[in-house]
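Order of writing sets the chain letters: A, B, C and D. Residues in each chain are counted from 1.
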Amino acid sequence: MKGLYALYSDPSEAQRAVNHLRSNGVAQRDIAIASSEPIEEFEFGQRDKATWLYYIASGGGVLGLCAGTWLALMTQTAWPLPTGGMPVVAWWPNLIIMFELTMLGGILATVFALFITARLPSRGAALYDPEVADGKILVGVKNPKGDAIPALTQALRVDVHTQVKLL
Amino acid sequence: MARKWGIAVDLDRCTGCGACVTACHAENNIPTVGAAEAARGRAMHWIRIERYWEGEFPDVRVKFRPVMCAHCDAAPCEPVCPTYASHHTADGLNAQVYNRCIGTRYCANACPTNVRFFNFFNPAWDKPFHLQFNPDVSVRSVGIMEKCTFCVQRIKAADSAAKADGRELKDGDVQPACAQSCPAKALVFGDLQDPESEVSRLSKSPRGRPLLDLGLLPKVTYLSRQTDV
Amino acid sequence: MTAAAPRINQDLLRPLLETSWRFYALVLCLGALVAVGVGAWFYQVYYGFGVTGIRWPIYWAFYITNFVFWIGISHAGTLISAILRLVNAGWRRPVTRCAEAITVFALMIGALFPMIHLGRPWLFFWLIPYPSERQIWPNPRSPLVWDFFAIATYLTGSLLFLLLPMIPDFALVRDKTTGWRKKTYGMLALGWQGTPKQWHRLESAMQIMAIAIIPVAVSVHTIVSFDFSMAPVPGWHSTIFGPYFVAGAIFSGIAALIIAMAALRRFLHLEEYLHPVHFQNLGKLLLLMSLLWAYFVFNDRLMIWYGNEPAEMAVFWVTQRGSFAPLHWAMIVCNFVIPLLFLTHKRVRTITGCVIASVAVCIGMWLERFLIVVPALGHKYLPYSWGSYSPQPVEILVTISTVAAMILLYVLFAKFVPIISIWELKVGEQSRLPTPEAMREHPLWQANP
Amino acid sequence: MDRRSFVKLTAITGAGAALASCGSPENQLIRFVPDDDLVPGVATWKPSVCPSCAAGCGVQVRVMETDAEVVRNGQRGVIKMRVAKKLEGRPEHPISQGGLCPRGQAAIQITYHPDRIQHPLKRVGKRGEGRFEEITWDEAIAELLVRLDALDAASAQDALVFLTRPGRGVRHRLVAQFLERFGAPPQVPFELFSDDVLRRANALSFGREQLPTFDLARARYAISFGADFLGTWNSPVANSAAYGRMRHGQPGIRGRFVQVEARMSQTGANADEWVPARPGTEGALALGLAHVIVAAGLRRPEDAGRPGSLIAGWAAGLPAYTPEHVEQVTGVPARLIERLAREFAELGPAVAMIGGAPLAHSNGLFNALAVNALNSLAGSVEKPGGMFFMPQIGDAIFRDAERPDRQAPRSIDRLAADVLAAGESPVEVLLLDQANPVFASPRAWKVGEAFDKIPFIASFGSFLDETSILSDLILPDHSFLESWVEGLPESGAAAAVASVAPPAMRPLHQTRAMPDVLLEVGRRLRRPLSPPFPWQTFEEALQESYGTLPEGEDGDVWSAIQMRGGWWGGLPRREAEVMREGRSHPPVDFVEPQFDGDAGVFPFHFLTYSSQAFLDGSLAHLPWLQELPDPLSSAMWSSWVEINPKTAQALGIAQGDVLDICSRHGSVRAAALVSPGLAPDVVAMPAGQGHRTFTRFASGRGANPIEILGPMAVAGTDALAWAATRVRLARVSGPDGGLILFAGEMREHPHEDHGR
C-alpha cells in the first residue's frame, strides 16, 4: 500500500481535494500533486518560488570568474612568450576569457541546482498516472496509515464521479 | 643588453636584380612550386623585389623595393597565433616555430606586408637537388606557414663561433643570405641596439622611413631614393 | 484548458509516431550530400590544402565565410527565445524550441569550420586549453582562442537551454507511447513527474538561463568579429565590427528561423500552432534588423569614403566598382531591397512574403561574410602583393554539404522530439479563470505555519 | 605509393617523419666507405668560379658532408661525401667583391640538376629523337678516336670542326692547340649576344680589342646607351658594386645616371633620367652631345684624339649634328640634348657606355665609335671615374700566337652556309662544347639543318639541349664544381684578374672534364699530335700557364692561386697594339639603320633582349631562375612580349592576350604584357624561353624570339644585328594562362585615378 490518489480534470476540484486532505491533517509533504503543465492560478500549484536559485547562479558565476582568471594567468605565465609587443599577462584579452567562463559557471550552477533540488533524475516516483499527460491533475497521499484510508478516500472524492485509486 | 637585429635597405643602391631572392632560396631550402602552382599564386619568396611603374611613356620611372619580414616589435602576426608558433625572441626576431604551427594562416592575414607564405603541398625536390639542402634549416611540411627568419641559423652559428673564441659578436659578423649576396650592397644587416653599427647609423639617416607607417615598430628601414638634383 | 490537452498531444506527437516514405527519401539525400562533403574534406587533407582556391595573399575564403555565416545563423534561436521569454511574449510559445534547435545545430556546424580550414587539422586540439606535456597552452591573446571559449560557452548554454524544457515533453511522450519509445523517452524524461516543485524549479532555471544566455550570445559574434577587426587589415580594422556583426547575425538568424518555421508548418501540418501572426511578428523583426544592418553598413562605408585613406579606399573600390561589385550589389539587393519590398506592407508580409525575404537574406548575409573576408585580404597595403580568389570544387562541396548537414540534423530533431514545446503551449492555452473561493479559504501560510 | 603521399599519410596518421625515411630507397642501397675524412656538420669554404657568364666572378662554395647516391665501379650505393651547399661571392675577389647575381646564386643547381647527363651516351634512335644508350668511357673515347683517325687517314683533318662558347683561358687554348696540332681549323665560337662589335670599335678607337671597364665608383655622371650594365651586360656584379658606390659611396656626392634606350631595361629602371631614342640612332645622339660640347666651347675637337678622327666631320665640330637635326633623327628633344651635353661635360668625371641593342643594328659599329669619341672628348678614357681597359692576364701568360682570342675564326652562319651549300658535308666530325646555336641563332641561318647533314657529332655537354640532342656521342663534362675551373675576366676590375680554382667536390656522376678527355684523345690518336701535349691533365696545363705569374708575398704562386681561387694584381702595361687592318680606317658617318622587314608590312621594331634570369637561354633549365620574378614584369616560368599601352589599345590587345609575332622569317606566339616602358613603335621580348628540349624545367615552355630574327649583319663586321628585325602583331586569343605574374598590380596607387 504505497499510496492512494485521484485524478481531476478541473484544477478547482484538485484544489478542493488538497484542502480536504489538509483539513484531514495530512502533512504537506505527504500530499502528492502532479500535472502536465505548471499551474499558477491555484494555491496547490503555488509552492516555494525558488528565488535563492539566483544566488546559486551568481555563486557559480563567481566560481567561473575565478576559474577564468586563474586559467588566463596560468596559461600565460606557464611559458611566458612575448607576442606583438604585448605584456605577457595581457588583461584586455584576459577579460574576454574571464567573462565567458563567468557566464558558463553561472549557467552550469543553475542547471546543477535545478537537477538536485528537483530530484532529477529520479526513478518513477510512488504516485503517478499516465493520464496526467492528458491534462488530468493528480492529487494523492503518499503511504497513508491503513486505518486512515477510508477518511482520505472520502476527502479525495470531491464529487460522486471521482474514483480514488489505490497503489 | 639584448640585441635588436635589423636591416637598412638603400633604395638608391638597389638595382632590382633579384640576387637576394635566389640567395634566399638557396640558403633557406625554399621550394620552387612549378609553373602550374605559381600560376595559382603559390610561389614562395621570403624576400621579393616589388616593382612599381610611375608615369607614362616617355616620362616613365620604376621603383624597386625589396620586401621581407620586418620582424616588427609590435608584430600583428604574433598575438593572433593561437599556438605561439609565431612569437618574439629575446633578440627581437619574429620567430616562426614550424612544429608548433597548425596552419590557421591567421598570421599571414594579419601581416600588412604579405611576407608570410603557406605550404599548400608537401614540398618536393627532384633528386639530386636535395643534396643542396642547407642542413641548418629545416624543410617545412604541408600545412604550415613560413617566412623570412633574418637567417637565424647564421646568427646562431656566428654566436657560437664568437663564444668559441671568447669574443663579442661585432658588426658585420652576421650576414643574412640576401644582404651577403647583394652586389650593390643595398641591404645592410646588423644590431640596432649597437649605436656604432652601420645599420643603426643608416636607419637614422634622414632618408630612412618604414615601409608602412602603421606603428608596428618594424626593424627594416628603407632609405628612399634621392630625387634628382 | 484540459479540453485542449488531448488535441495538442495528438497533433504534436503525430510526427514522432507516423513516418512517411518522404522522410526516408529526404534523410537519404541529405545523408548522401553530407557524405560527399566529408569525402571532399578527406581528399583535401590527403592531397594538401593546395586543392582549395586559397592562395597568397588570400589565406581565408569560403571556409571562414561559412564559419562566420553559421555562427551568425546560430543567433536565431537562443537569443530570440531568451528575449521573448524575458518579455514574456505569449506568441513565443510555439516558436522557441524550433528556434533554439537552429542555434544548437548551426553552432555545431559553424564550430567545425575552424578545424576544416586548418593546414594541419590533425593538430586541431592544440587550440584547446589542455595540460600538454610541453606545458604550452593556447595563447589567450589570440582571437581564435577567444572564439573557442565563447563558442564553448554559447554551445553549452544553448544546448541546456534547449534540453531542459524538453524533459516534461519527454515525460509526456513516455506516457503516451508504448514499447521502445516508452523505454527510451522514459529514460530521457529522467523520471519527470510534474510536481509543482519541479515546475517551479524548471521555470526559475529557464528564467536565469535566459538572462545569462543573452550577453553570451552577443559576446560570441562580437568575438567572431574580433577575428577580423583585431588585424591591421584595411576593411577589417574597424571599431564598428562588433555590433555590426551581432546585428547581421540576428538578421540572418531570424531569416533562418522563418524559413524553418514555414517548412515545419507546411510539412508537419502545424497550421493550428504556427499562425500567420507569428510570421507577421517575425517579419517585422526581420525588417527591423534589415534596417539596422543597412545602418551599420552605411556607417562603415561612409567612414571609409569620407576618410579617403588610400589603403581602405582600395578595398572600397574593388567592392563598389571592381571585380567584387556584382556580389556587393547582389548583397545589397538581398539584404535591403527585397526585405523592404516584402516586409514593409502588411499585405505582402504573408508567410510566402516572409519566406522569400528570408531566403534572400540568408543568401545576402553569406555574400556579406564573403565580401568582408576576401576583398580585404586580396587588397592590403602593397599593391604588388594583391591577388584574386576563385573557389575550387572542394570548398564548394564542403559548403553545400554543411547546409545539407544542417537540414538533416533539423529533420531528425523534428522527427524524434516534439518540435513545439507542448507543455509551454498548454500553459499558453490556459483559460484565465477567476480566482476560486478555495484560495481564500485556506491560504498557504495558514495551511502550514 | 610514392614517397610524398607516404609522408602525407604518416602525417595524417600523426606518425612522425622518422617513419617516412623507411619508405625511401636509400635504405635498400649499400654504403660505401667515404673517400676522404669528414667532420659531420662542419661547413668549409672552397674557392670556385661562376660559370654562368663570361664575367668570371670568383665565388666561394660552402661545402658540407652529406649522404649522396653515387655509382662506384658499376655499383650504385650511398656514400658520405663533401657536397656544395651554397655559392657566395668571394669578398676579396676584385670582380665579385663578395656579391653575386641571381644567375650566379642559381649556378649550383647545374651540379645537382636531375636531368644532367650522368654517363657517356651513344645515340640509338634516329638523330634528334633523343634516344641514347649508356656506354662506358672506354667505348666512348674509342668511338671518338675511330672518327678522328678516319679523318687523319683520309687526310681530311680540316673536316673536323670544334664549336664552343667564346673564351680566353687555358681551356680554350688547349682546344685551339689540339685543333692546330691535329691540323683542323680553329674552333668556331658562338654567342648570340656577343660584344664583338664593341671590341672591334674599341680596337679602332683605342687599339684595344676588348670590353671596357667603367670606374663608376668615382664617376659623378654616367650616360649609358642601351647598356644593361647592371643586369646582364659586361660584368654586372662588378658594375653593380661600383654603381652602389657611385650613388652613395663618395661622401656628399651622389652620382647621376642617364639611360638612353628604346625599351626600358632593368638598368634603365634605375636611371635618374630615362631617354628613349629611336632604335639605331644612339650614335647620332652621342654625336649630338659632342656637337653641343664643342659648340659651347667646353672642349676642343682635338681633345678627342684618335677616336674623334674616326668620325666624319669631327674636326669641323660635327656641323651635321646640331641638336635640332639630331632631334629629328633620334626623337630626343633638342633642349634635352643640350642639357645632357652640358651635364656630361660639366659634372665630371663623367663616362659614356654603350652596349646591347645599339650595337646590334646595321650601324652598330658607328654607334660604338661615336660613343667612344664622346668619351675621349670628355677626357674620360683611362681616367678616374671614366672608362679604361683592364690589363689582360692572357697578355702575360700566353705568347701572342697562342692567344685563343687572336685567331680569326669562322662564324657559325658561314659554317652552316658552307655545309648546306655543298652536296656532301665538308664537315665530317663536329665537336660541341657548351654552345647551343640551334636554339640561340636565327632560324634563317638553318644551323639545325646544316648540323643534320654532318655525319658525326660528339658533344661534351651536360644536358640534352637543341644542339647536343643531334649528337651521336655524348661525353658529359664535369660540372664547374667538380672540376678545375677558370675564368679570365675581360673587364670589371682595375687590376688584372684570373679566376682559377680546383674542384670543390668530387663528381656525382660518371663524368669527365672535357680538357682531360681531349688530352687523352690526343695521346691515343693513331698518328700522335705533333708536337704532343706536355701535360697529362688539365691541372698541369693550368699550372704551367698560371704558374708563370709573378709571385705574391705569400710564396709559391700556384698554391696561392689554388687557395685564393685565382690571381689578381698589377701587370706591366702593354703598348696599345697595332690593329690588324692597319692604322688608317675611313671616317664613319651616321647612316640610317637598315631593318629586316618593310616598315609598311612590319610596323614594329622587334627588340629581343638578354633575359635577366636566363641570358640567351643557357640558364633556362634552373628552376630557381624559372621561378625568379622578372625585375620589370614580375613574370615567372613564362615568356611574353612587351607592348606600349597606346599600341595595345589601338590593336585591341589586353594584358595576357595571346599574340603572334611575325617577322619575314616566321612567327612566334607569346602573351602580351602591356608596359609603359617602351616606345609605341617597339615591341620587346626576352630571349631564353621557348626551348624545344632542355630538361624538364625549360622544355616546351614559352617562345623563342631568336628564331624569327632576320639574318642581317652589323656593317663592317660579321656579327648578327639582332636588334634590326621588324615584326607585325596578330592577336590570336584571350589569355591562355601562359603569362604567370608574381605581382598583383604594376602601380603603387592603382585606384588614385578613381574620382570619389
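Heads up, the rule we're going with is that a residue touches a chain if its C-beta (ideal position, glycine included) is under 8 Å from a C-beta of that chain, and two chains touch if they have at least 3 such contacts.
Predicted model, so just to flag it, every value in this text is computed and none were measured.
K.L.:
Which chain has its C-alpha centre closest to the mean of all protein C-alpha atoms shown?
P.N.:
Of all chains shown, the one whose C-alpha centre lies nearest the global C-alpha mean is B.
K.L.:
Between C-D and B-D, name the chain pair that shares the greater number of C-beta pairs in contact.
P.N.:
B-D
K.L.:
With chain centres defined as C-alpha means, what is the inter-centre distance between chain C and chain D in Å?
P.N.:
Distance between chain centres, rounded to whole Å: 66 Å.
K.L.:
Give, as an integer number of Å, the spacing between the C-alpha centres of chain D and chain B.
P.N.:
Centre separation, chain B to chain D: 30 Å.
K.L.:
As a quick test, compute the distance in whole Å between the mean CA positions of chain A and chain D.
P.N.:
For chain A versus chain D, the centre distance works out to 90 Å.
K.L.:
Averaging over Cα atoms per chain, report the distance between chain B and chain C in Å.
P.N.:
Result: the chain centres lie 44 Å from each other.
K.L.:
Which chain C residues sit where two or more other chains touch them?
P.N.:
As it turns out, chain C has residues touching two or more other chains at 47-48, 120, 136, 138-139, 141, 145, 383-385, 387.
K.L.:
By the touch rule stated above, which residues of chain D touch at least two different other chains?
P.N.:
Expected reply: 8, 11, 634, 743, 747-748.
K.L.:
Could you say which residues in chain B touch two or more other chains, in rising order?
P.N.:
Where chain B meets two or more other chains at a single residue, that happens at 43, 48, 50-52, 76, 79-81, 84, 121-122, 142.
K.L.:
Give the pairs of chains that touch; include all such pairs.
P.N.:
Every pair of chains in contact is listed here: A-B, A-C, B-C, B-D, C-D.
K.L.:
Of all residues in chain B, which touch chain C in the complex?
P.N.:
Per the touch definition, chain B meets chain C at residues 37, 40-43, 48, 50-52, 67, 76, 79-84, 100-106, 108-110, 112-114, 117-122, 142-145, 211-212, 214, 216.
K.L.:
Which residues, counting only chain A, touch chain C once they are in their complex?
P.N.:
Against chain C, chain A makes touches at 9-12, 15-16, 19, 22, 27-28, 32-39, 41-51, 53-54, 57, 71-72, 74-76, 78-79, 81, 83-84, 86, 90, 93-94, 96-97, 99-101, 103-104, 106-108, 110-111, 113-114, 117-125, 128, 130, 132-136.
K.L.:
Would you tell me which residues of chain D are touching chain B in their complex?
P.N.:
Per the touch definition, chain D meets chain B at residues 4, 7-8, 11, 17, 41, 64, 66, 68-69, 83-89, 96-102, 104-106, 108-109, 112-114, 230-231, 236-237, 240-241, 243-244, 247-248, 254, 256, 264, 266-267, 269-270, 272-276, 508, 612-613, 623-629, 631-632, 634, 636-638, 644-646, 675-680, 696, 701, 737, 740, 742-743, 746-748.
K.L.:
Report the residues of chain A in contact with chain B in the complex, numbered from low to high.
P.N.:
Its residues touching chain B are 79, 81-86, 90, 93.
K.L.:
In their complex, what parts of chain C are in touch with chain B?
P.N.:
Spelled out, the residues of chain C in touch with chain B are 47-50, 54-60, 114, 117-120, 123-124, 126-127, 136, 138-139, 141-145, 148, 227, 230-233, 377, 380-385, 387.
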